[in-house]
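Structures follow.
Two complexes, one shared chain (chain A), two partners (chain B, chain C).
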Partner chain A sequence: MFKSLKRKAPAEKLLYCFVSLVFLLFALSYIYIIAWTLMSSLKTHTEIVLDPFSLPKVLNWSSYSELPEVFYVNNNGFGQMLFNSVWFSVVGAFLQQFVTIAFAYCCSKYKFPGSEWIYTIVLIMTTLPIYGTGGATYRLYHELGLINTYAHVLASCAGFNLHFLYYRAYFKNLSWTYAEAAMMDGANHFQIYSKVMLPQAKPLFFSLFLTTWLASWNNWSSVLLYLPKLPTLPVGIQQFNVEMIYKARLDVLFAACMIVAIPALVMFIAFNKVLTTSVSVGGIKG
Partner chain B sequence: MMKKGKKYLAILLATAMTAACLTGCGGGEGGNKKTSSNKAGVDIEIAVWNSGIGIEWLENVIAGFEKKHPEYNVTFSDSSNIKTVNASLGMADIDTTDLYLTYVSREYEVMEPLDDILDATADGDQKSLKEKFNATYLAGAQSEDGHYYSLTCGGGTLGMVYNTKMFEEAGITQLPRTTDELTLVCDTLKSYGVTPLCHFVQGGYYTYMTQVFMAQYDGIDYYTNNFYSCKDEAGKSPSKDVLTKKDGRYYALKAYEQFITPEYVLAGSNSKSHTEIQTEFLNDKAAMMFNGSWLSYEMRNLGSSDKFAVMQTPVLSSIKDKLSTVNDDKLLRKVITAVDQISEGKKQLSDYASGEDYKIGDTVISKADWEYVTAARNTVASNFAGQVSFVPTYSNSKEGAKEFLKYMYSDEGLKIYADTVQNPMPIALSTGETYDTSKYSAYAKQHFSLLEQAENLPDMHMNKRHAIFNAGASDFAEVEYIFSFCTNNAGEQMTAEQAWKLVIDKINDDYETNWLKNIK
Partner chain C sequence: MEKKKRKFNEVIFIICCISVPIIQWLIFYVYPNFSTIFMAFRDSQGVWSLDNFTRFFKELKLPTSDIRLAFRNTFLTFGILFVAYPFKVMVSYFIYKKVPGSGFYRIVFFLPSILFAVCTTMVFSRIIGVNGFIAQSVGEILDLGYTPELLQDERFANTVVLLEMLWLQFPGDLIIWGGTFARIPEEVLESASLDGVTWWSEFTKIIVPMVWPTVALQMVLLFCGIFGASGNAFLLNNGSHGTITLSVWMYKQVLESSGASYTANVYNYLSAVGLMTTIVAIGISIGIRKFTDKMFDDVEF
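Let's turn to the complex of A and B:
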C-alpha cells in the first residue's frame, strides 16, 4: 500500500492522506462510542450521571452480574429477550433466505403463467414504504394469529423481498447447461436445485443471510409493532431506557448495550470479508 | 498477522458473549416478574404501571389474595411506560386484561362502575370502603353521572424536599412558610455557595406545586367547582372567562418569577431527565427539589436518604390580597406558625381566640382570615389520582377483578400496600387504628404526617374536570413557565407578565377553534 503511494504525485499523496484521515476519524467515532459504552457499563449509576466522561473509579462488574435481576421488560427477563433475539434473527433470517432463494430459482429457471409478473410485483412491493403497508400487514398477521407469538417467525417466509431480486439475477446468469448435464446423469428437478444450483449460490446465500441476520438482530421497530409481549434485546434496551425513569440503573442499561453489541461485532469481525467482498457498490457479487 | 489478530479478537468477543449469555440465563427471579401458579381456577390478568412506587406491593397483595382466595389465579404484566400498559385499552378483541392499575383519565366508556366495591364491606372490615375513603378524594373521583369508575391505587404526597445538612451548614433554622420567605432562603443558600433548587425537564413536579398555589389563592371550592369544572359564577360551563381570569395561576407565576431563576436553579435542570437530576440532587448538587413520597423508594439503589426531609409547600404570599387583617408577609408567617402549632398539637385553637376573632401578640386576625390561612396551609400537594384501578367493561373475569379490588382495599390489603411502599393510600383503616409507621424511614414518616395534616388535596379533582381539559385545554395552555423562568437563553426567558400574556393569547387562539370543537 505504502509502496504504491511512493509512486504517486504529491497532490495525490496529499489527497490520499486527507481521505485516510477522514476515514480514520470516522472509524474512531465508532470505536469511541463502543469504548464509552463499555466504560460506562463499568461505572456506577451515580458516576455516570455526575461525571459521564471520567474513567471508573473502581470497576463495577455488578452492572453485568445484576443484569438478570434488574433488566426485565414486560415480564421478559434478559435471558428470555436473548432467546427471542436469537429465535427471530437466526431462524427468521434462515427461513427468509431459504424460501426466497427457492422462490427466485423457480421464477428464473422455470416458465409458468405469471412468472414474469412476479418479478414486477416484487419490484413494486420493495418500493412500498412501511407506512403504506403497515396497517394491512398488521391486520394480516393478526388474522393469521402471528401477533405476539413465536410462530411470527413464519412471516419471514414471504419471499417477496429485495433479496428475491438478487437471487433472481444470480440464477438468470447461471447457465442451464449445469442442469442439463445433471439431467443426463439422471437427476430430478429437486436434485438439480439442491445438489447443483444451490451449492453454487452458497456464497451469495451466506452473505445475504448474514446481512439479514444483522438487520434482524438490531431491528426493533417491527418487533415493537408485532411482538410487544416478546421483546428482543434491542426492544428491551429501548423499553428499559423508559423503565430507567424509576430505576436509576444507567450502568445496567449500558451493560445490556454492550452485550447486544458483542454478537454483531463478533460476526462482523469473523465474516467481514464475506460481507464486504460479496456486496459490492453495484449490488451482490455472489 | 492482521488475520491472526482478528481471529483472536473474534474469539475473545465470542467468549465474552457466551459468558454474557450464561449470565443472562442465570438464576434470579427478577428476570420474570409475572406471578403464575399454573393452578386451576379463575384467571385474573392485571396490567400495572410500574411507577415510582414499584410493583413489589402488588406482588405482596397478590400473595395475600391468593392465600385467601385459592379459587383465583392472578397474573400481571408491568411497564414503566404508561403508553405500553395502556396500549391495548379499549381493544376488546385483543385485550385480555381484567384489571388495570395505571393512569387513565375519563375513559368511562371502557370502565366498569365500581360503586358496588365502594358500598361493600370487605371480609374482616368494620366499615364499607366508601366510609373508609378520604372524603375529598371520593368527591373528586365521582363522575358526572354519579358513578365511580376508577379508584386510586398509587401516587403519594409531594412537598419541597430539602437537604438537611446543607440547610444546617447555611444556618437556616426556620423552614420557609411563605413563597417570599422561600426566596429569602434561596438567597441565603446562594450566598453560602449552595445551588438552592433543581428540577427536571421543563419543571418536573412543579405542576403539583402550582395546583397547591391555585387552591391556596382561590380556595379549594373555586379551584374544584369553578376552575376545573370550567364553570363561571353564573353557572355557564364551559366558560372562557374562567380560563382567562387572573386567578391563582397568575400569582403562582409571580411567585415562581422570584425563586425559579437561572441564579437559583441548578444548571441543566431544563434538559436533564428525571433520573439524572434526582441522582444529582441526592448527591448534594442542589439544596431543594419539589418531589414526592416515592423519592426514597424510587432511588433506593443510590443508598440512604437520611439527610433529606420534606417541608410542606409554602403558602403563596399573594394570598394576602384575599385577607383583610393580614397585610404583610411577616404577619402571614406568624399566622402560619400558629396554624402549624395547632396541627402539631403543641397549641390549641382556643389559645389564640379573641372573641369571634383570633389574636397573635397584639394583632387581631379576623376569623375569616384565620380560616383562609388554615385552609391554605393544610392544602397538600398529592398525586393520588395519578394511578388508578379500574375494570375494563370487556373483562372476562369482572367478578374476579372486583373481588381482587375488594381485598386490595380491605384493611389487610391496605396494610400490605402501606408497609411495602411506606406510604398509605388516602384510605383510613376501618377499625379506626392508624397505620403502623414504626418501620418507616424518617422521610416516609414526614410524608405520612403531610397526609394526616391534609385538609385539601387539589390533585383529586380529576373527575370534576370539564371535558374541555381532555380536548386540549390546560392550566397554562401548554406554556412552559418553569422552563421560561430559569433558562439562560435570553431569547426564551420570560417574566411572569410575559408568560401570562402568552397563556391568555393561546387561550384566545385555541378556545373556540380547537378546544370547544374537540370536546367529545
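Let's turn to the complex of A and C:
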C-alpha cells in the first residue's frame, strides 16, 4: 500500500499521505451511502422515520421478501420494472454502440461524399449543445408513437455522438495493412470489418458499452418524460418515494435501492480495469 | 469485372454502415432542432410572432421571475464547477501516481456515478433531514431555536444543492483522465524522477503540457455546457425554494405539461428561451475555441 512512497522525498510523502487522507474521507462518505441504505432496508418503516441513524434493533428481512408484493408504481411491479430497466439499458446501449462503431469505422477508413463533413458535424454537436428542444422532441416522440412503448429504444440507434469520436480516433490509428492482408485472402468488406477490425476494438467497444449501459441503467429523467407508464427501476424508486406518504414503506424503498445497485456494482468491480484504461480523449503530445 | 464487384461491395458496405445513424440523426436531431426554431416564432394559436422573445426579456428583467433565478443559479453552478475542475483533475492525477490506497479509491470513487442519482439524493436528503445532526448543528450554530428543513428553506436550499453536487462530483472524470494519464510514457516520468523533479514540477512542467490537448478539449466542453450546469435540484426538492437552474426549468416545462392541451404555450416559449440560450452558447463556444487555439496547440481527439 505504501510502496509508492518509498522513493519519495519527505515533503512528498507528507503530501501523498494528506491527499490519501482527504480521499479516504470522501471514499468513506460514499461507502456510507450504501451502508446507510443497507441498514435502512433492514429496519422497519417506523424505525427509519424516528431514528434514521441508529442500527436496526432486529434485522427486518421482510422488506426484501415483501418487495414483489409492495413495490408497485403505475401498475408496474418490481419484476416488470426490472425488465423495463434491462430492456432499455442493455438493448439501448448495445444498439447505440453497434451503430456508432460501424459508423465511425466507415468514416475513418473509407472515403465517400460527406465523410469528412460527418466528423465536423459530430464535433460541432458534441461541443455545442442546443437548448430548449425538449418540447419539439416530446412532440416528435408523440407523433411517432414512441411514448410509453418498448420501441422507444429505437431512438438509441444514434451514431452522431461523443463515442463516434473515440471510435474514429481508434480506427484512424489502426493500420490498414490488416485489411489489405485480408483482402488478398479474398475477404470482402463485411468480413474485414467483422473478423479483422472489430475484434481489435473489442476492449474499447466493451468499455463504452459499459459506460452507456451504466448511464442508461441509472437514467431517470428521460424515462420519467417519455416512458411514465413503463417505468424503469430508478423512476419506480423515485415515484415510490413521492408516494411514500400513502405507502409508509421506507424499508421496501431502500431494499429496492439495494437490489438495483447490485448489478451496477458487480459489473463495475469486475470490469474496473477495462473501464478506466480503455478510453482517452484529446491525445498526448510528444 | 472483379474490380467493379469489389467497388459495388464497398458501396453496399458503406450504405449499411451509415444509413441507420444518418436517418436517426435526421429524425431525432435535425427535425426537432428546426422544429424548435419554428416554434420559437409562433404564439399559442400558431401565428408567427415575436411574443415569446418579448416575454423572455420581460421575465428576465423581473427580479422575482423563475427564469431570472434559473439563469443566476446556472451561472453560480457553472462558476463553482469551473473552480473545482482543476481539483478534480488532481484527484485523477494522484490516483494515477498511486497515493496510498489508490487501488481502493479507484473503485470507490466511481460509486457516485454507479449508484442511482435517485438513490443517492434520497439518502442525502434524509441524512440532512431534521432528524440528522447536520440540520441540528445548523440550527444550533445560527441560534435559530429550531432545526431547519435545509432543502425547504430558501436560505439554505441552494447551498445544500451545490454542496451535494460538489460532494458527488469530487472524483471528477476518472475514466477520461485515468485513460489519458495512463497513456503518458512511463520512461518520461522515470527519467524526470531520476533527475530529482518534484511532484509539482512534474505535474506542471511535464504532465500538463503533455495532456494539453485533453485539457483544451475539456475546457471547450465545459464552457459550451455552461447553460446545462446543474446539481440534483430536481431530485432534491423539485427545483423549488430558490434552487432552480435553467436545465431544471426546461425539464419541468416539458414534464409538467406533457399530454396537456396547453402545450403550445409552454413549448413555444421554451423553444424561444432555448433559442436565445443557444445563440449565446454559440458565441461562448466560438470565443473559447479561439482562446484555446491561442493558448494551446491544436485540439486532437
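Here is the rule we use: the second predicted complex is superposed on the first by the 268 of 286 C-alpha atoms of A that agree within 3 Å, B and C clash if a C-alpha of one lies under 4 Å from a C-alpha of the other, contacts with A are read in each partner's own complex, and residues count from 1 in each chain.
Assume contacts are C-beta pairs under 8 Å (C-beta built on N, C-alpha and C of every residue); 3 or more make two chains touch, one makes a residue touch a chain.
What you see is a predicted model; the values in this text were computed from it and never measured.
Participant: Using the superposition on chain A described above, determine whether A:Ala187 touches chain B (first), chain C (second), both, or neither.
Facilitator: neither
Participant: Looking at A:Ser20, would you say it contacts chain B, chain C, both, or neither? Reply first, second, both or neither.
Facilitator: Touch status of A:Ser20: second partner only.
Participant: Is it chain B or chain C that touches the larger share of residues in chain A?
Facilitator: Here the partner covering more residues of chain A is C.
Participant: Could you say whether A:Ile269 touches chain B, chain C, both of them, or neither, answering first, second, both or neither?
Facilitator: After superposition on chain A, A:Ile269 lies in contact with both partners, chain B and chain C.
Participant: Which of the two partners, first being chain B and second being chain C, lies in contact with A:Ile259: first, second, both, or neither?
Facilitator: In the superposition, A:Ile259 touches chain B alone.
Participant: Who does A:Pro234 touch here: chain B (first), chain C (second), both, or neither?
Facilitator: So A:Pro234 only meets chain C here.
Participant: May I ask you to decide whether A:Gly159 touches chain B, chain C, both, or neither, giving the answer as first, second, both or neither?
Facilitator: Second partner only.
Participant: After superposition on the shared chain, which partner residues are touched by A:Leu38: those of chain B (first), chain C (second), both, or neither?
Facilitator: Neither chain B nor chain C is touched by A:Leu38.
Participant: With both complexes superposed on chain A, which partner does A:Thr133 reach: first (chain B), second (chain C), both or neither?
Facilitator: After superposing on A, A:Thr133 lies in contact with chain C but is clear of chain B.
Participant: Figure out whether A:Arg249 sits in contact with chain B (first) or chain C (second), or with both, or with neither.
Facilitator: The answer is first: A:Arg249 touches chain B but not chain C.
Participant: Both chain B and chain C touch chain A; at which residues?
Facilitator: In chain A, residues 50, 265, 269, 272 are touched by chain B and also by chain C.
Participant: Chain A touches which residues of chain B in the complex?
Facilitator: Going by the criterion above, the answer is residues 6-7, 9-10, 13-14, 16-17, 20-21, 23-34, 50-52, 54, 77-81, 84, 87, 94, 273-276, 278-280, 283, 285, 298-299, 301-302.
Participant: For the complex, give me every residue of chain C touching chain A.
Facilitator: On the chain C side, the touching residues are 6, 9-10, 12-14, 16-18, 20-22, 24-25, 27-29, 31-33, 35-36, 39-40, 91, 94-95, 97-102, 104-120, 122-124, 126-127, 129, 131-133, 167, 170-171, 174-176, 178-180, 182-184, 188, 193, 198-199, 209-218, 220-221, 224-225, 227-228, 234-235, 246, 250-251, 253-255, 258, 263, 266-268, 270-275, 277-278, 281-282, 285, 289, 297, 299-301.
Participant: Which stretch or stretches of chain A touch chain B in the complex?
Facilitator: Contacts found on chain A: 45-46, 49-50, 64-65, 67-70, 72-80, 82, 142, 147, 228-229, 239, 242-250, 258-259, 262-263, 265-266, 269-270, 272.
Participant: Write out the stretch or stretches of chain A touching chain C in their complex.
Facilitator: Listed in rising order, the residues are 1-5, 7, 9, 12, 15-17, 19-20, 23-24, 26-27, 29-31, 33-34, 36-37, 50-53, 99-100, 102-103, 105-107, 110, 112, 118, 123, 125-140, 144, 155, 157-160, 165-166, 168-169, 188-190, 193, 211, 214, 218, 220-221, 224-225, 233-235, 237-238, 241, 253, 257, 260-261, 264-265, 268-269, 272, 275-286.
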